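Have a look at the structure below, then the notes.
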Amino acid sequence: MSKAVSVTRAVEMVPDGASLLIGGFMGVGSPHRVIAELVRQGRKDLTVIANDSARPGFGIGQLIDARLVRKLVTSHIGTNPETQRQMIAGETEVDLVPQGTLAERIRAGGFGLGGVLTPTGVGTVVAEGKRTIEVDGKVFLLEEPLKADFALLFCRRADYLGNLDYFLTARNFNPLMATAGGTVIAEPNEIVPTGVIPPDEVVTPHVLVDHFIEKGASHGR
Amino acid sequence: MSKAVSVTRAVEMVPDGASLLIGGFMGVGSPHRVIAELVRQGRKDLTVIANDSARPGFGIGQLIDARLVRKLVTSHIGTNPETQRQMIAGETEVDLVPQGTLAERIRAGGFGLGGVLTPTGVGTVVAEGKRTIEVDGKVFLLEEPLKADFALLFCRRADYLGNLDYFLTARNFNPLMATAGGTVIAEPNEIVPTGVIPPDEVVTPHVLVDHFIEKGASHGR
Amino acid sequence: MDDKVTIARRVALELREGDLVNLGIGLPTTVARYLPAGVTVHFQSENGIIGMAPVPEAGLEAEFLTDAGGGYIGAVPGAAAFDSCMSFGLIRGGHLDVTVLGGLQVDELGQLANWMVPGKMVPGMGGAMDLVSGARRVIVAMTHTAKGEAKVLKRCTLPLTSVRRVDLLVTELAVIEPTGEGLVLRERAPGVSIEQVIAATEAHLIVPESVPEMAIGAAV
Amino acid sequence: MDDKVTIARRVALELREGDLVNLGIGLPTTVARYLPAGVTVHFQSENGIIGMAPVPEAGLEAEFLTDAGGGYIGAVPGAAAFDSCMSFGLIRGGHLDVTVLGGLQVDELGQLANWMVPGKMVPGMGGAMDLVSGARRVIVAMTHTAKGEAKVLKRCTLPLTSVRRVDLLVTELAVIEPTGEGLVLRERAPGVSIEQVIAATEAHLIVPESVPEMAIGAAV
C-alpha cells in the first residue's frame, strides 16, 4: 500500500481541533504546500507545536493570519507581530518554551521518555509550576514530553517506502517531530525510488512515516 | 593545529585509572587499533563504559583478557565467559545497564541533561536504589547521566577538521559517546580532505572530536 | 516437526504486513524463515538497522553489517542505519510493532524472566528490558519446560525482565495469552491434548470451550 | 567610531583560535566582521549548522541554508548540518565555547534579562535561555544605556534569561566582568573616563587600580 497521497487528501485526514507538530525554522523546512492546503480547507481550532510562527503571510504565519490556531506552543514569536497581537488580545493562547527544551520535549514524547531534565530555565519564569529535580548536586527542571495527533514535515527526499533525508538548515525540528506524531505526513522536495537514499544517509526511517505528499500541479518552484 | 595523532601518542594521553567510553557492538565499530595499543602499553585500572565486552581475544575482550579493566558498565556480557568469570570471582566490577538506558545516559551526559526518565527497568532489580518519578500518571526510573575522561571511537571517515561519519551497524554507540568524552579520540577507517563529507552526511561535527588516529604501519586490513 | 520449528512457524503467523519486528538472537531469529507468503515485514536489529535480511552467501559479507549477536547479515533496499539512541527510541517510543524474545519463565501475571539466573548465569539484559517494556506487542517464544521443569509458573522465581504483561506465549505445546484474568490457553500444538498442556504447566490455565490446534500445517 | 562597531570590535578580541561560537541575531552577528587576522573560529547557527559563513553574493543563495533569523548564509568547507536536539545538545552540553548575545539589562549578580518586557514586548526566548545556561562563556554585547536609562542595574527588573552569571559585558563605554564580588570595570572605551562609565551605570562598579582603554585601535 503506497504511502503517497495528494496534499488535498492528506489535509482531509486532519480534523478540526487537531494538534499538529509542524517542522521548520522561520519557515525554512516547513511543509508549505500542506500549510497552504490547511488554510484552503479552513481547518480550525488547531494546536500547533513549532519552533516559531515565521512571519505574516509566510509558513506557519499563514495559519495565524487565517486564525486557525487556538494554541501555539513555540520558542519564538518575535518575527510575527500578528502572533504577538493575537496573544496580547487573548485570541490565541501562546505557550513559550526555550528552544532546546522544546526540541528535547518532542524527542522525549517520540522516544517514550518521561520527560526532560534540563538546567535551562531554572530560577526563571519558565520554572513556575514545574518540578525541579536535584541530580548529583545540580538542579534541573522537569519538562514534560510533547506529542501531537499529526506531525507535518518537510524533507529533501522521500523514497517509496517513506525513508527521509533533509537539506542543511531545513532539517531543524523535522526529524524529531517524525518520532512524535500520531500520524506523520512528510512533504518531500523530491520522491525517489527505494534504495536511492543509502542506509547511512536515511535520517528518518520509513517506519516512522505514514504518508508523503505526491507531486502535483502545485509542486515545483 | 592538526588533530591527527599516532595510535601510540593517542594512548599515551590515557592515564592509568582513566574512564573510557568505547564504541562498538560485539566488536563491530570498536576502535581495534586503539584497544590493541592500550593492551600493548598496559594501561590499567580502567573504567570502561561500552555496550558489551565482545568475546575473549576480540575488541574490548582484549582489555578483559589482559585484566586492565577495574569496572565495566555495560548491557551484556553473555558473549564473553571471561568477563563473567572475573565478575563472579570479584576481580572485575560489572554494572549491568539496559541497552537503551545506557545509550540515553551517555547522550544525557554529553548533552547536559540531568538524567533519563525511562519506563525500562521499573519494578525490576534495575530499579533498586534509584528514584522513580511519576509523570502524567506513568512511573519512570530516573537514570543518571554518564560521562568519561575519554571517548574512544571507530568511524568510517574523518575529514581533516575531524568531522565523522559511520558505517551501517558500526555506528551504534559511537556518535553518542562522541558527545560525552572529556577527550574524544576517533579511529577512522579512512581520512579524507575537509569538504569530502557533505554537511548533511556529517554525523559527528568536528567540534566534538579532539584527535583522530593517523594512518600507520598497522593500518589497513 | 521439531519443537523449535513448531514454535517459530506459529510465531510467524502473528506477524502482519508492514510490521516493524525485532527478533531476539537464537530461536526467535528463525521466525523470519517461516513468514507467510506475501507478507512483508521490516526487521530491526537493535544494534542499529531496519531492513535486515538473511545472511548473504559466503564471500558477500559486509564487514560492518551485523546483527545483535555480531553475525553477518544482509540488508534490503530501503534499509536504514542509525545509532543506539534512535534504535531504542523506536523500541521505547512504541514504534516497534512486535518483539519476539526467548524466555526462562513466564507467570500468571504474564510477566517474563529471561535475563539472568542469580549465581549461575548473568549475561546481562542487553536490549531485552527495553524491548519488553516498549514494544507494542511482546511475544515470548520458548520451550514449555526445561529438563522436565515447568517454565510457565504461578510466579516467576527469577528476576523479572519487566513488570509489563507480555501479549502472547508460544511454546511447542501451546499458544497462551496472558490476560487481566490470567493465562488463557488459546491453541494446542498438533496432536497435543489440553491435558498434556496442563500437565506441563505449573500455572493455572484458563481453558475456553474451544482450544483449536495451531494452524501451522504439517510441514514447511 | 560608531557605538555598535566599538562593541563588536571589542567582543571580537575575546574569540580564540578553534572556538565554537554562537552569535545572536543583530549586533552580535556583526562581531564576525572584526575577527583578528589569523584567528579561525567555527560559527554555529542554532537552527542547525556549524560552519556558517557570510551571506554569499546575490544569486548564490542556497534556499535551505539560513541563519536563526531566516536570512541566507554561506557555509565553509567542512560545515556540518544537524537537527535541533544536536544543536542544543552542543549548547547545553558545554561544547559551545562562546555565545555572544544582546541584552536588555545586566545586574550586579551578573544576571542577564534579554527576552521580554512584560506587557510590551514578548518575542519569546528562542534559544537564549539555553545559550546563557549552557555556553562555556557568555558575553553580553549591548549599549550601555537605552534612551538615557541605565541598563546595568543593581538588580534586573525584567524577567531573567538565566540565573547563571554571565562572563563578560561589553558596551560602547566599557568592558565589565561580573564576578562573585560584583561587577569589575576592566576597560574603558577609547576617550571615555571612569567617571563617565560610573555616571551611566546604576549598579555599583568595582574599579581596579588600572582600567586601561580597550585595545581596539582607531579604525577598521
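Chains: A, B, C and D, in written order; residue numbering restarts at 1 for each.
We take it that contacts are C-beta pairs under 8 Å (C-beta built on N, C-alpha and C of every residue); 3 or more make two chains touch, one makes a residue touch a chain.
Quantities reported herein were computed from a predicted structural model and do not represent experimental measurements.
Q: Listed by label, which chains are in contact with chain A and with chain C?
A: B
Q: In the touch network of chains, how many steps separate chain A from chain B on the shortest route?
A: 1
Q: Can you check which chain pair, B-D or A-D, has more C-beta pairs in contact?
A: Higher contact count goes to A-D.
Q: Measure off the straight-line distance from the CA centroid of chain C to the CA centroid of chain D, and report it in whole Å.
A: From the centre of chain C to the centre of chain D is 56 Å.
Q: Taking the mean of the CA coordinates per chain, how far is chain B from chain D in Å?
A: From the centre of chain B to the centre of chain D is 35 Å.
Q: Need the CA-centroid distance for the pair chain B / chain C, whole Å please.
A: 29
Q: Would you mind listing the residues of chain D that make contact with two or more other chains?
A: Correct list: 49, 75, 81-82, 85, 88-89, 91-92, 134.
Q: Multi-chain contacts only, two chains or more: what residues does chain B have there?
A: 104, 107, 112-113, 118-119, 156, 166-168, 171, 199-200
Q: What are the touching chain pairs in this one?
A: A-B, A-C, A-D, B-C, B-D
Q: Which stretch or stretches of chain B touch chain C in the complex?
A: 25-29, 51-52, 54-55, 74-79, 84, 87-88, 96, 98-104, 107, 118-126, 156, 166-176, 203
Q: Which of the residues in chain A come into contact with chain C in the complex?
A: 1, 107, 110-113, 159-161, 163, 179, 194-195, 199-200, 202, 205-208
Q: What residues on chain C touch chain B, complex-wise?
A: By the definition above, chain C touches chain B via 45-49, 62-70, 75, 81-85, 87-89, 91-92, 122-130, 133-134, 159-163.
Q: Applying the document's contact rule, which stretches of chain A touch chain B when the two form their complex?
A: 104, 108, 112-119, 133, 135-136, 138, 140, 142, 144-145, 156, 165-168, 171, 199-201
Q: Can you check the complex and tell me which residues of chain C touch chain A?
A: 18, 20, 42, 49-51, 75, 77-82, 85-86, 88-95, 134
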